[in-house]
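Next up: the structures, one after another.
First chain A sits with chain B, and in the next complex the same chain sits with chain C.
So, the complex of A and B:
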């Protein structure tokens, strides 16, 4: 072994870490911010900007108003459809009742002796009248 | 037994099996649908001076019932409670002959099945008016499944189709209520109330 090799060997000799080295390293890493934590902290700082806070509040208010308008529109449409359906029901019942009673009256005219509840009986009897 | 003989026996068996399958999977009330197809009358709307077209299925009837809160509506509410549909087409024309017998026959033809019974047929030859009332009853004979009214006058055609258990006595008893005129009153003019004018399509 030549002197150079001897020097190199001495320089690369394994040495034990000083006492308390591991504890010191761990203590220092604890103080450092974690990779994700930094981003969150930045985001928090961004949110803390007064302009942004105002904008967010305005957006939230707009969202609530929009939801209210949509809900109101739906309710109104439902009410309109319901009212229209109600009118249609009344109209349909009116026409059906009038036509039914016109037919009943005619049957009654044909069969004067028949009691007023003829139609109910007629379900089974099937009377057919012709007025000339 | 050879192959030809086997085929002879298999064919009727297959037909029988097919018929049984058809019977097993067809709905029990097949041919007992009280809803009529009255779309063929729609072209008459162009010729009519006044049209009432009501198409209310079960969902719309339920919706309507939520709004029938006034005292005046209570009788009607009781009638529509269990109904599955109300369909009305009423056309009023300026002059006679605007609709054809074929239009009426198309509806009448649907009522010529065993499940429908014509309970009233009143014809006034003098006035040229025909009113027919049909009922569809369940096989037990007691439950009414639907009703149809055809009223054909020279200048007016009305078809009413009610789907569901309708009480015709209650329907008839609406006379004088809900704006329905009594028969002694002039029916034609007052059968349509002003409140419904916006519903009419010309």
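So, the complex of A and C:
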């Protein structure tokens, strides 16, 4: 730093603030919300509003009702699907039963039409002791 | 800025965050001289400088929750004080450039007498353009290096360097003419 810069540095050294400066600043900050707490305070005050409390309670009730309706709907759908499956199984069994009856009938008819000699031959071809 | 001052700043911030109402008063006490002096050397008017300094501390009060450390606090104060001072200068109607007659108050016998010399130099600084003034005040009052000044004023380091050189040339020239007048 050369001599001129040194002079400049001395000329621009810090000055004391005027008397009572800090008090004036603090007086102007009075009434202002404290920073940092501001958001929490506002949020707390907002939550404390009776209208908001009522709205929150109503929203909670609505939520519970909606959850109940959804649950009931789901149960009902499962019940309907189960019922439909039961009907389909019954129908399948009925069809199978009809088909079996037809087959048995045909077997009986064949047995009735075939002569006994031919039946004997058929029996001899089988291993002994199977037909009593 | 000494380590002790920074530690006090950190402590003040921590106390303020904990909700200590007196912490802000301590922060103001700690930094009022710096803020007031920057504004005063900028505006060369104690009343307006006090107004600007109060405004800076009120802004600090609103933003204190976002200040992260003692270093950050000092940086923030310097930056906001410079900006606020520049705004204050620009708000006023342009004054005619200070003549040497305005600058010199050769009432004393010797120009080397400190108070006279200092007063003359302060007036010369106040006659510089706002941008040049900011660089000179931060350099010689706050004794900051060029990189710090660049960061505070948000300008490149080379701009700081050229503004400082140009300002020193102007000030030196004015000073020599003034000193010659005083000696005559």
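Note that the second predicted complex is superposed on the first by the 74 of 132 C-alpha atoms of A that agree within 3 Å, B and C clash if a C-alpha of one lies under 4 Å from a C-alpha of the other, contacts with A are read in each partner's own complex, and residues count from 1 in each chain.
Following the convention adopted for this analysis, a contact is a pair of C-beta atoms (placed from the backbone, for glycine too) under 8 Å apart; a residue touches a chain by one contact, two chains touch by 3 or more.
All values reported here derive from a predicted model rather than from experimental measurement.
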*Taking the superposition as given, does A:69 touch the first partner, chain B, the second, chain C, both, or neither?*
neither
*Where does A:90 make contact in the superposed view: on chain B (first), on chain C (second), on both, or on neither?*
first
*With the two complexes superposed on chain A, say which partner A:61 touches: chain B (first), chain C (second), both, or neither.*
neither
*Regarding the shared-chain residue A:107, is it in contact with chain B (first), chain C (second), both, or neither?*
first
*Is A:21 touching the first partner chain B, the second partner chain C, both, or neither of them?*
second
_Partner chain in contact with A:81 - chain B first, chain C second, else both or neither_ = first
*What's your read, chain B or chain C touching more residues of chain A?*
B
*Overlap of the chain B and chain C footprints on chain A, residue-wise?*
none
*Spell out the part of chain A that touches chain C in their complex, as residue ranges.*
4-5, 7-18, 21-22, 24-26, 28-29, 32, 34-37
_Considering only the defined contacts, which chain B positions touch chain A in the complex?_
52, 54, 56, 60-61, 63-68, 73, 76, 79-80, 86-88, 90, 117-126, 131-133, 135, 137, 149, 151, 158, 160, 162, 168-169, 171-172, 174-175, 178-181, 183, 187, 191-193, 195-196, 199
*Complex interface listing, chain A residues touching chain B*: 78-79, 81-107, 110, 117, 119-120, 122-123, 126-132
_Touching residues on chain C, where the partner in the complex is chain A_ = 16-17, 19, 21, 24-25, 28-29, 32-37, 40-41, 46, 50, 53-54, 57-58, 61-65, 114, 117-122, 125, 136-137, 140-141, 143, 168, 171-172, 175
